[in-house]
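Next come two complexes built around chain A: one with chain B, the other with chain C.
Showing the complex of A and B:
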């Protein structure tokens, strides 16, 4: 009976893995194939599509733009949120409930709806940045707030914040010094994991980028969309490249998360 | 003028009054203990004196200087926390040196001072370890060293031993007291453990519900409790009501009395001790071996008395034995209402 159960479990897991991996393997094969038509396996293999991809200045530029906009949005979010969370945990614990509500909002409003609102907000008035690189940065800032907040809040909860700050102050440090010397180094893991998770999410973001800036600031996801009709092999190579890039990031995040 | 003066200190959080009208003085080099049950306001009082909490009213003075409104970093206070509050990103040595580095002291001088204090708290060989790699006792030694190295005007110890096991606690008790005496440090110790307070302190301030209910030397507070709370908190006192006090001890004040278990004798009076005239008859209903002491519960039909007798072969009674109790006259404490 036990043996039958084990076999059943293995079959279920194998099916699930197969369903998840098969499209990826097929995409990988397609990106490496010279031609893949009416046969089970490709006619031949080549690195041509990857070489084309990495030799295409428009792709490299879009990759660079994606990196830039993700890093800037994330950096802005961390720089703004870190002192805010510190103050909430140190002096205003009553605001934790408010933050727990605020961080759910980006999930509650669909991207298509919120992008219309953002377009209206930034089209005119005091900050006319619609269609520019800046609107993406401010939008990405809001998208990653939940991930940054949750990850950092867990880190703050894991350290004895009040006692650490009190001890540092009694030893002569001002509150900012106590934060930078005694608190911040102990949040390293939380900050890094927040960065990796948020970066992975932002790097794959398409809806906001497409609606808010489109081809005026072509990110990698928009480039992928714009070149979808050029060649299936080429776009497959792009997808695999993107996947490999994010996979390395996820691995790094796991390593850091598990590191003692 | 005393070294530390606390005048009419009060603290409330919103509508909740934590303590009020706190007055006491501490002399230079004295070791005093704020003793009391959880929630009595002793830690908040300590934090207020340290500047970690603001005060609602009153004054704090150290060496004649008003420090009530000074930030903590300017009060010259060293503090050891219950949960250590060591910086996990630093080694033991870096933790200890932190206060000196913040002050911008010379590197060689820091090295010398840190080495000295590591020897005082007996941490040699562990100084380069991260905090995670140290045991609870070692961590508390690091915390003590970190507080001592800056030569504070007052050392605050906020229940520093309560997270440690009994054996280490006893060793650290001795170490702290020794270091405090050697350095002549004025120290305020917070604890809920009366034994710890008695062993370590020059004077005890016993707190209850935001008030200092009695203060004095450990001997005074233990042997002369002024009210029922002190008698109950400081020892295993027998509290006797007004009518029985009159009947058993012949008191005339109409107040309750408290008698320590070791001030009661079974069947025969101790030599050289003046006891009350009346022998109170009773029956042993329970006995309990506490190591070197045998504790008997004696029912006198009016009250139940705990009686502690040195555990020897000569004086062993059994449950159900009919006995007579004699009370040491000088140890009958009349309690204020």
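Showing the complex of A and C:
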């Protein structure tokens, strides 16, 4: 009885994993095949599409733009959020409630809705940045606030903040000095995990990039969309490259995260 | 006295320096767009009016977009929730090694959404896709229309599964194996255990998950856009077309549709939490 049950559970999991992995495997096969027309399996195999991809300046440029915009947005968010969370946990615990609300706001408002307002507010007027790199940086900042706040709040809660700061002050350090020399090193893990979660989210972002900027600042997601009519094999190679990149990144992230 | 005043000043200064940049950026890029949307949904040609809302009601096309979005969201969320429950239940019964590997894999596949996922679906389920051909050969389908409602339901359900599994997984921690044994000792059948013990305990997590799945599906844009090049009528595609399409731009109408979309989502959250409050177990918690 117990044995049968075990087998049943394994079958359930195998089926789910199979279904989840199917689109990926098919894309991988397609990206490696010379031609795959009206047959169930491809005709032959080649690396041609990957070589094409790596030799395409437009692809490399879009990849670079994606990296830049994600890193900048994330960096901005961490630099801006650190002092805020520090202050909230040290002397303004009443603000925690406000932040619990702020953190759910981006989930309640779909990006398409925000982009309606963003497009009207920043197309002209006092800050005409719509269609540029800058609007992406600032909107990406808002996307990752919940993730950055959550992971950093967790590590702030884990350290004994008040004792740490009091001890540093007793030894003659100013509050900023206490923050940089005592608190910050203890937050490494929280900051790292915030980076890892946020980066893959931003790297896959399409809505803001498409509606607010489009081809004027072609990120990798936009490039991917624009190549849809070029060749299915080439596009597949691009999809696999994208996924492999996220995969390696997450793997490294887990490795580093576990080591600390 | 002077010193104390100075102290207050410097404290205020520190607070502003710490909170200021965040407050400004958050206002400009998160709150202001929402405010713009809400205010301008009531403005038509410079005047305060409900015309934009009336236009939604009177346009069969917009109503169809709402209907399509709701249909896709509700069904894909129910399917996602069911598949999630079955998967997590099985995950709890296999050795830790398999469990960890599967969770890591599901965690990864949660990144597989939007445009890349749409392309993968075109490759396997498109007109000449491998899976379409295979299923046709076996005789299971005549033709699968990936670019219509069933294809979209497939892709929606696909991207709901990882989210559902990851959200439900921790909730099963509160389900103790001993309870099942205790229920069995007291003469309960497996179904009685599921209905009277397991489901009531899991209800809060299921409702929370369901709400997030609905919000996720209602707001989905990239996968539909990439799969149908913006030709299937769901509400996010409608909104985006009204602000960045190539024909008529009607941002104020887009704003009104956005407000209705947010109200529908708020309504769904409210219903779910009303149900939650009625469940006996949740009250005791």
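Here is the rule we go by: the second predicted complex is superposed on the first by the 259 of 260 C-alpha atoms of A that agree within 3 Å, B and C clash if a C-alpha of one lies under 4 Å from a C-alpha of the other, contacts with A are read in each partner's own complex, and residues count from 1 in each chain.
Following the convention adopted for this analysis, a residue touches a chain if its C-beta (ideal position, glycine included) is under 8 Å from a C-beta of that chain, and two chains touch if they have at least 3 such contacts.
Keep in mind the model is a prediction, meaning the values are calculated, not measured.
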Return first, second, both or neither, reflecting whether A:228 touches chain B, chain C, both chains, or no partner chain.
second
Report the partner of chain A that touches more of its residues: chain B or chain C.
C
With the two structures laid over each other on chain A, which partner does A:133 touch: chain B (first), chain C (second), both, or neither?
neither
Once chain A of both complexes is superposed, is A:159 in touch with chain B (first), chain C (second), both, or neither?
first
After the superposition on A, what does A:247 contact: first (chain B), second (chain C), both or neither?
second
For A:116, is the partner it touches chain B (first), chain C (second), both, or none of the two (neither)?
second
Taking the superposition as given, does A:186 touch the first partner, chain B, the second, chain C, both, or neither?
first
Both partners, chain B and chain C, contact chain A at residues none
Counting only contacts in the complex, chain B reaches chain A at residues 50, 52, 71-73, 75, 77-79, 81, 83-89, 98-99, 102-103, 146, 150
Under the definition above, what is the set of chain C residues touching chain A in their complex?
14-15, 17-19, 21-22, 25-26, 28-30, 32-37, 40, 83, 86-87, 89-91, 93-94, 98, 102, 104-109, 111-117, 119-124, 128-131, 133-134, 137, 158, 161-162, 212, 215, 218-219, 221-222, 225-226, 229, 236, 239-240, 243-244, 251, 254-255, 258, 261-262, 265-266
Can you name the residues of chain A that touch chain B in the complex?
159-160, 163-164, 166-174, 177, 181-182, 185-186
Any idea which chain A residues touch chain C in the complex?
5-6, 8-10, 12-13, 16-17, 19-24, 26-27, 29-30, 36-41, 76, 80-81, 83-84, 86-87, 92, 102, 105-121, 127, 138-139, 141-142, 145, 175, 200, 204, 206-207, 210-211, 214, 221, 224-225, 228, 232, 235-236, 239, 242-243, 246-247, 250, 254
